[in-house]
Each structure stands twice: as C-alpha cells, then as structure tokens.
Amino acid sequence: MSLQVARGERLAVIGPNGAGKTTLFNLLCGELRPSGGMIRIQGRDVTREDAVARARRGLSRSFQQNTLFDEVRVRDNLALAVLARRRRSWVFWRDPARDPDIAREVEDLAHRLALAEVLDQPVGTLAYGTRRQLEIALALAREPEVLMLDEPTAGMSPEETRAILALVKQLPESMTVVLIEHDLDLVFEFARRVVVLDYGRVVFDGTPEEARRSPVVREIYMGSEA
Amino acid sequence: MLRLFDPLRTLLALLLLLAGLWWARTGDYFGREILAEMAVFAIAAMGLDLLAGFPRLVSMGHGLFVGIGAYGYAVATALWGWSWPAAILLALALSALAGLLVGLATVRARDVFYIMATLAFGQMGYVWVVRSAELGGDDGLAGVPRPELAALGLDLGDSATFATLLVLLAAAVYLLLGRLLASGFGRTLVAIGQNERRVRALGIAPGPYRVAATTVSGTVAGFAGVLAAMHSMYVSPELFHWTWSGEVLTMAILGGVGSLVGPALGAAAVVWLKYAVSGWTEYWGLFLGLFLILAVWTGGQGLYGYLERLRAWLLRTLTRQEEADARGDRTGQTLRRSHRHRPGVAAGGEG
Amino acid sequence: MTAAYWLTQLLNALQYSMLLFVLSVGLTVVFGLMNFVNLAHGTFYALGAFIGWSLLRATGSFWLALVGAPLLVAAIAAVLYGAMIARMQRAGHLAQVLATLGLVFMGVEVMRIIWGDFALDFAAPPLLQGHVQLFGLVYPAYRLFVIALGLLAMVALWLLLERTALGAMVRAAVDHADMAAALGVRVDRLFFGMFCFGCALAALAGVVAAPIFSVYPGMGIEILIPTLIVVVVGGLGSLKGAVAGSLLVGFVDTFGQVLLPQLAGIVVYALLALTLLLRPQGLFPARA
Amino acid sequence: MRKRYLAVATAALLAGTTAVAAREYKVGLLLPYSGVYAALGKEIQAGFELGLEHYAAELGEDTIRLLPEDTEVKPAVGLTKAKKLVLQDKVDVLAGLVSSGVLAAVRDFVDGAKVPLVVANAGNIHATGKQCSRYIIRVSFSNAQITRPMGRYMAERGLKTVVAMAPDYAAGRQDVEAMRGAFEAAGGKVLKEIYTPFRKTKDFGPYLTEAQATGAEALFVFYAGGEAISFMKQYASFGLKDKLPLYAAGFLTSQLYRNAIGEAALGSINSLHYVTTLDNPENARFQQAFQQKYGRVASEFAVQGYDAARLIVAALAASKGDKEKFVDAARTTTFASPRGPWRIDPATNNIVQNIYVYQIVQGPDGRLVEKVLKVYENEQDPPNGCQLAG
C-alpha cells in the first residue's frame, strides 16, 4: 500500500476489524519493522529508525489500549511527558516538575483535557473515560508535528466523545492529525480526508463526502457495521 | 513517585534512624556489631531498590558490586598501603565502572533474562576472585584498616562510634537516593518501570537510563562493600557469591521494594532474625525461606506494605464518615492509593 | 594427546550434557507451558537423589530407586502445586523467582534435618559398576549408561511432543494457551501434569547423578546454576533449546576445563553472557 | 537442636561437693554448624566434649562452660561471633575454626585482643607462618605438614613421575606445593599440577582423563569432604587403580566419610597425623569412649577437638585464667595423645607431631582399615616467616 499525508492534514483511517489499522500505526510509529517498503517523514527515510527516534522527529501517538504510568499521579504522568519534550529527564538533583514553567504547562494541559480535577489522583483509581483523556494528553504533551490517535474515543460516553472532538478540532492547523476511529459521526465531522483499509490494502481514499457516497465503503465497512 | 512523597515513608525512616542511634548508644557489644551489619546491608538493599523497585530490574548479582567495592578498598589499603580516602575513591570508581559495564551488557535483557544475566556476572566475579591468588583466593584478605579519624576526635575502633557512623551513613544514602528518585532522572526511571512502551513513544530511549541506574546502584552497593570491609576488617569472596546477592534481594523484597525505606527495614529485620534464630537452631534457612514465601504470597509488598495497609485500615475505621461524603479529599486518596498495586513483586498476586 | 584421550573427553562432555538435558528439559517445558520460573527445580533434583538413596537402602535395588524416587517426587510436586504453584502462576516472574527461592532455602534445611549433613554414598548397580573397553579406551560403564539414558529421554520426549495427541495439546498450549482452552484442552490439568512430570524428570536426574557425585544437601543449589544457564542459552520453553543448550554447556564446560584450565568455571558464564548479548531470547525460544 | 550453653561439670561437682570458691572458665567454640563444613564442626565438638569429660577433673573445683557459636563457614560471620565471645561473653579462651578463611578473618582481632585461640582444624601454613601470632596455637596440623612426608615417601618408593590434582584454593595449592618440594628434592618430578575449581567440580572425569594422559607413574591428590567422595568413586570407576596408583593427603579417606566412599578407597596410600587403629593406650581409651558415646569410630577431626580440650584444660589449670600465662603454658605443654606424642613448636605455635603413611586395606572382618606403612616422627614446619622465637 502507499499513503501520503500532507502537513496539517486531518486524516481518518477506517476499516473493519482486522483491516490492519493498528498495524499501520505501529509501522508508522516504529514499533514494528516493515518486512519491505519505505517510510518517510518530511522526505527523510526513517524505515530503520525505532519508536524513540520517530517520536523525536515529531511523531506522537495515543494507544488503542491505555498505555499509562498507572501507579503514579496524573500530574506525574503529564510532567514526565513535558520533561521528555523539554529534554529535562537527565536532571539528577533537582525535581524539574517543581519548575514553575513546567508546572504551568502541566496545569494547562490538564485544563484542556478536563483533567484538572484529578491531577493528584493516581491513574489506577481513575474512571475509564478519564484515563482515555490522559492517554490523549500524553500524546499531545509532546507538542507533536504529527499526532496519531488510535481509537481515542473507544469505550467513551457520548458526552466524553464530544469533548474529545472539540479538543481535536482546536488543535493548531499546522499539526497533522491521523485518526483511527470507529465512530463514523466523529470521523465525518472531523476528517478532511478518509482512507478505508481492508485486508491491509487501501480500498478508498477521498473526502468524507465521497466516502459517504462510495459503494465500496458502504459495502465493506458500513455494511459490516449495519 | 507516590511512595516517595509519602509521609509514612519519612516517618519510618526517621524512626529507624533514631532507633539505630539509640541502639548504638545503649546496646551491648554484640548488638552494636549487628547494628553495623544492618547498616551495611541496608545500604546495599537501598542501592538494589533503585533498580528492583523503580525500573524493576531485579538484579541477582549485586554481590559483584559489593565485592568489588570491598576488595577495592581492601587491596588499596592492606596491600598497597593507600590512605583511606584514596582507597574509598578507588573502590567507588571501580564499582561504578562495573555497574556501567554490567548495565551496558544487560541493556537488552528483560525479566528472567535480566535476572540470569546479572546472576552470571556475579558468579563470574566470584569464580575469578576465588581463583586469584593475589587477592587471597578463597581465604580472602585480612588486615583491612578502618579510617583514622583521630583528628576529629573519633575512634572508629570503638564499636559504638563505628556503628553510629554507619547508621548516619545509611541515612545519608537514603536521603541521596530519595533526592535522586525525585529528580527528572528518577521520575524517568519510575516511568520505565511502569510502562516502557509509553516511555519510548514519548521519545525517551530507556537504555541509557537503565545503564545510568545500574551504575548508580552499583556504586551504592560498592559503598556498602567498602563499609563491610571496614566493619569486618577483612574481605572474602563470599561477598560475590550469588547466595549473598539473593540474601540482599530477599531483604529488599521482605522490606518492600519501591519505597527505599522498606529495604532498609528489611535489612534490619533479616539481620536481626538471622542472629535471633541461629541462636536456637542451626536451620535458620527454613525461616528465611518461609518468610520469603509469605512475603510474596501476601502481595509482595513486604513489611512496608503491611504498614501501609495498617494505616489504611486505621484511617478507614477512624474516618468512615468523612470518606462517605468527600470522595475526592486527601483521606480518600490515601485510602484508595493503598489498595492499588505497588511497584511490588506480585503483579496479580493479590488476585 | 592421543585420539583415545579426545574420545574420552568427548564422552565426558556428552555424559555431562545428557545429565543437564534430563534436568533442564523439565524446567524449560514448565516454563514454556506455564510461563513459570521454578528456581526450586534443583531442589527436586536433590530430593530425588535423597529419596532414591533411602529407597536403595531399604530395598537394595538401584532400579527400584530409579523408578520410585521420581514417582515419589512427582507426588510431592503435586502437593506443592496444589498448595502454592497453582496460585503463583499469574503472579509474574519476579514473584515466582522469589517464592521458589524461598523453597530452595527451605528445601536444603529440610533435607539436612532428615538426612543429615554428611554426604551419602550411592552405589551404582552391580551390572554397571565396572568399566568398558572400547576402541582401545577404558570408560566407566555407568557413565555410558547415563549417556544412553539421556539419548533415550531425548528421543522419547521428541516422540511424545511431536507424535502424540498429548504432545499436540502441549504444543498448542505453549503457543496459545487461550486458544487451546477454547478448543477444549483442559489447560489447567495439562499444567498440573507437566509440572509433576518436569519435577519427576529432575528427580530422575538426581538418582542418575547420585552414583557419580554422591548425595548431599547442597547438590540442588550447585546444579541449579548450570541448569538455568542451559535453559537460558537454549531458549525458554523448547525441547530443541534444551537439547542445544545442554550440549553447548556440557561441551563448553568440559573442553573449557581441558583447554583453558586457567579459566575453568568462568567460560560457562561467559557463554551465558555472550548469548544474552547476541541473542537475548536464547537460541531456540518457544515463543518469538 | 544444638545446645547453646553446655555446662560441663567437673568430677568434683558430679560428686556433689559444692565449691564456693570454684571458678567457671568460659571457652568459646567457633565452629561451623551449618554450611559445607557442618559435619566437621559437629565432629570436632564431639571430640572436644569427650576431651572435657576425660580431663576437666584436672581443674579441681573449677568448671568450664562451653559457648559454641556457628561460623556458618563465613569469615564475616566468624569474626562477628569471635568478637561477641570475647567482648560480650568475656571468654577466657577461644577454640575451634575449621575453615582457614574464617581463621584469617579472626586472626587480627584475636591477636589484638590478646585472647588465646586454640585452632582445632584450619591448616593454612601462613596462620603459623608469616601471619603467626603468639596467641594462636594450632593443635591440628598445617597443610604442608601432612603432604611433605608424602612427597618423601613417594620418592622413597622409587616413583619418578607424579601428576597432582587438588581443588583450586589455598589449602589445595599448599598441599601440592609441599609435596612437590619434598618429592622433587628427592629426585622425582611432578609432571603436571591440575587444579579443579573449588567446590564447583562435581565431575572429575575430564581431569582424570587429563591426569592419565600425562603418563605419570602415580597420582597425588588432596580432596576432602564431599569432593573426596565424588573423586574417589570416579577415580575407581575409570579403572585407574592399576594404571595410576593413588597417593593422597589422608583427608581423602577420612573415617568421617569412609563408609560413603566404600571399596573405592581400597589400595590408596595416604598420609595423615592420625590413624584410627594406632596402638597406644590413649587411643584405645579415646576410641572406646567415643564409640560408646557417639556410636561411630572417631575421625582425625574428633582427635583434634579432643586434644584441643585437653590442652585448654591443662593450660587453664596452670594459668588460673591469666591469658598470658595461659599462652606460656599452652606453648610448653606436652602429653601423649591418641595420635602419639606431640608438642607445640615455640617458634611458630604450630604442632609438631608424627605423620603416618598408611594404606587402606580390607581388615579380617571385611571392613576397610588403615595399614600403617611408615611413620615420619616429629614432623616440624619451617618458620615460614614467623618471628615468634626470640
């Protein structure tokens, strides 16, 4: 398959279960090594780079299943992500999380994702929806150039889903956002481009309106949903 | 991180320190000897906790660093006649180097493989020292001096002074490691232990942190080795042996890893137990094994975990009312916190 | 050095390898199947030797001890499984390592209490006490028996795992325990059976080793580390790994002693360190 | 279960005469009761207790209280226990020590504290050589003392070439070196010294194969304890008895585990400071009492404990508890022991004693017994750098 994503694009990847959406994410983020082919970011070949290097190139992701630091507070989770971006993880003596700059950024982030109330709670005690929000917050905290969200609203209530939609809509225009999502309402409202995967192949690539009308999409995707 | 900012931890550390200082003043001779041994083991176990409790690297070869520290000091003083500060520096440098090398060599190993790899490095060190005639081989090296501090009016030959010094040093190591763990570096270590995948996704390569943590942990263990050499005024290859490493790990686990103060408590408890039990039976390993199994069975959070549960129970009983109407307040947090899994050993052990 | 010399050393290496194989295969299968790390495996080895010794003394028959001790040890393993192993299965490797380390400490003391501190004699059966002349070299008959037994165990286990329905179930459970359970395999029973079987094999190794090494409480701890090295070098959970690992460790150790006497005892650890550096999963891991 | 405090009553007390002025001496016994040498520790203590039973009456109305401590064969533990015994329990004498490592660990402390220490096993030559101390008196043996005569004996038998095997640690090397010195001084040649990893070697097969390949006329070994049992059986199973006759430090076939070795020991030639069948009245009395009390034949380790107890009683009687006088008395006391006459060498504080070269043969009742081939009388170590003699 071949896929090109432009800067600032709002792309949704959809497809039935097992279509290879998460595999595509893992390949793009460097968690899986492709058996062939090439992956480029801003024209540079990154096929051989691992997840760490690609994250440093500005690729940031959320996971389909919550991948959080469960035994520490929300505040510590966010602080860690901020420290990682600011390259403050090699401080041995002081606690950089007490740095007012960083503390403020953590608070801001928490406000944007409605986490301010629970900042001092351990992640393990949070409700599922709240954890989902933290999952996105961690990906955002890196201030990425490309943000990749793997089913961010899975298991969330309709209100929570609206909140997430509102959030991603506010993201700066320069940020590229790639989304895997099952909630088609959300997809059509958010995306400017829709890619449909089936059995690891791109079977459709176009605007949401085209997707809505496409018989291919109707058959293999919505058909299975109905 | 949570546990590090816990007042219970600070309280317990203070209590241990005061008990140690009091015992050093009032205990009998044998008691002071045991106290010094407790302090040495506490330092080694706290150093191990930096690896086992936070990035969750369970080392079964910490004896290697303890041994290198002890032999470094012993050889420099007893064989080469160096002054004690130079000897300590050499010992620390050597154990740091060993930590760095082991860290680099095990950077890809996880889980059981990490345990095996550290076990192997420790045993290599053991075999090498036992075979090395210049280091006294199986018989070890005698004639290791204690530092000369007469200028400060201190006589380290006096067991009370020596035990007091060791207790204070253990407290200093505790503060130092606590500070380190609360730093950006320490936070990253905790994160690596909890979710390595996310750490990578955040653009942090865990490898260098693991290596750095092993280096620091090795240096702390090496310092424990230096103190062990001063304490016994003698070094022997048994420090390198894997059963010694296993004993330190046992202390850390019994005390409760991931809390820094737990391993110190565990060291004190196991050393005390060893002498108490060996007083009336030669089969003291039976009890050590039994306690180890019980510790794992009851959730792997060790003595410190019991204290946390005790506190939770007390708070629950005392503040049942408030908890009902204020779910988000401090008390509620503390309560819920203590029900979670710890950076303990038995993920799922509690069911 | 003559050809006979090298041939003898070859047999020595092979004999040690076979012993390591019988010992490590149980450990690795239990690991592969149940994802359970059992540091007390060496304790079952020692227990097998001690129980075998008592059986030999009571009945005078080596062969009875060879069969009886593994059965009795399997019974002990069954009790332990019910008492603690079953509930430790999902507890994570660290907890397993520590709990079984506790068993190691306790096991040594229990054996000291029952059988004492003295090393005990364990006579080889009269049939195998002498030595055999072959191709101009003299070799102990008993050691040839150990080699033959090891090869036999290898073939039998291969047939069991590759050619029987039980083996298919075991392999399925190693690869996908959940899937196997869904297909109607009683995974818990399989675990129980394999754990007891693995411990019985360790006990068998204990009885087999006893006439060569004698019997003493620390023997389990001493053999544990080479066994772990075999399992890790070979790769956890696979029969192929156990074969490769035990041959590698047996030969490296034996020829290391002969060719590099100044490094004797270290080369095996170096082998382990090297394996972990180059292939952190071992040579033939059951699961990639 | 070990008795922690074992009060040994003197004959006077047993007879019921309560003595008001009687004094109780404390003897700290540092022995391994757990770990690899636990069996040796128990054997030495058995001998020691028998020695007190036989000789404590020499103290008149005074009594001895025994304070055993477990060294666990760990030097650091041994040192802690030694300090406890001296500084807290205030013992008059220390005794015991099986492992040379533990002895090395306590050496400086004992020397500094000026407490007499009667060594009942540990054989490192340096303990009565360059690291000797006025306060450390050895009634057991030194490693070199046992094997030096064996080197001479092998040469006297006409052997020209020998290959040596021993565990790779201090005692193993000292044993081989002493044998080699004596053997080569008498014109023999040690073709190869094979050192097997200490306590880690279970399979001697590869080494035995190598020893055989040297083409030497005989094999000299030093092995003890569990290693001795494995070694002997493997040596026999390789069919080497005819091709490579065995000469050894007698610990190889010690009475303590001779039953475990069985017939494999038959024919081997050993050198040791004690033989269970020695024909002298002290040995007859000792063996008879020991066998009656413990139900087994006493080994050389039991004799070491027995003689240590007797020396301590004699020196206590002479010194009345004064530590300097105790040392003076202990250094000059001599008596006939089950192992024959011995004395303490004032130059090194090491024992001077007979070394017996014997062969294991089948006795008339089918049991394995020692047949003494030669006695090297009053074997004495050179000072080895010890400066005790003025």
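The first chain written gets the first letter, and so on, giving A, B, C and D; residue counts start at 1 in each chain.
By our rule, contacts are C-beta pairs under 8 Å (C-beta built on N, C-alpha and C of every residue); 3 or more make two chains touch, one makes a residue touch a chain.
The structure presented is a predicted model; accordingly, all values stated were derived computationally and were not measured.
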Legend entry - Chain whose averaged C-alpha position falls nearest the assembly-wide average: B
Legend entry - C-D or B-C, whichever has more C-beta pairs in contact: B-C
Inset, instruction - Provide the C-alpha centroid distance between chain A and chain D, rounded to the nearest whole angstrom. - result: 75
Inset, instruction - Averaging only over C-alpha atoms, locate the centres of chain C and chain D and give their separation in whole Å. - result: 37
Inset, instruction - Between chain A and chain C, tell me the centre distance in angstrom, where each centre is the average of that chain's C-alpha atoms. - result: 49
Inset, instruction - Mind checking the centre-to-centre distance between chain B and chain C? Centres are C-alpha means, answer in whole Å. - result: 33
Inset, instruction - At least two other chains touched by the same residue of chain C: list those residues. - result: 112, 265
Inset, instruction - Indicate the residues of chain B shared as contacts by at least two other chains. - result: 127, 131, 283-285
Legend entry - Multi-chain contact sites of chain A, meaning residues that touch two or more partners: none
Inset, instruction - Could you pull out which chain D residues touch chain C in their complex? - result: 34, 36, 38-39, 42, 168, 194-197, 199-200, 202-203, 205-207, 209-210, 212-213, 225-226, 229-230, 233-234, 237-239, 256-257, 259-262
Legend entry - In the complex, chain D residues that touch chain B: 1-2, 4, 33-34, 38, 70, 72, 74-76, 79-80, 83-84, 87-88, 100-101, 104-105, 107-109, 124, 131, 168-170, 173, 197-198, 200
Inset, instruction - Would you mind writing out the residues of chain A in touch with chain B in their complex? - result: 29, 31, 50-52, 55-56, 60-61, 63, 67-73, 76, 79-81, 83-85, 88-97, 117, 120-122, 124-125, 138-139, 141-142
Inset, instruction - Note which residues of chain C are touching chain B in the complex, please. - result: 37, 84, 88, 90-95, 97-99, 101-110, 112-113, 221, 225, 228-229, 232, 236, 262, 265-266, 269-270, 272-273, 276-277, 280-281
Legend entry - In the complex with chain D, residue positions of chain B that touch it: 28-30, 33-34, 37, 127, 130-131, 133, 136-140, 142-143, 159, 228, 231-234, 236, 238, 278-285
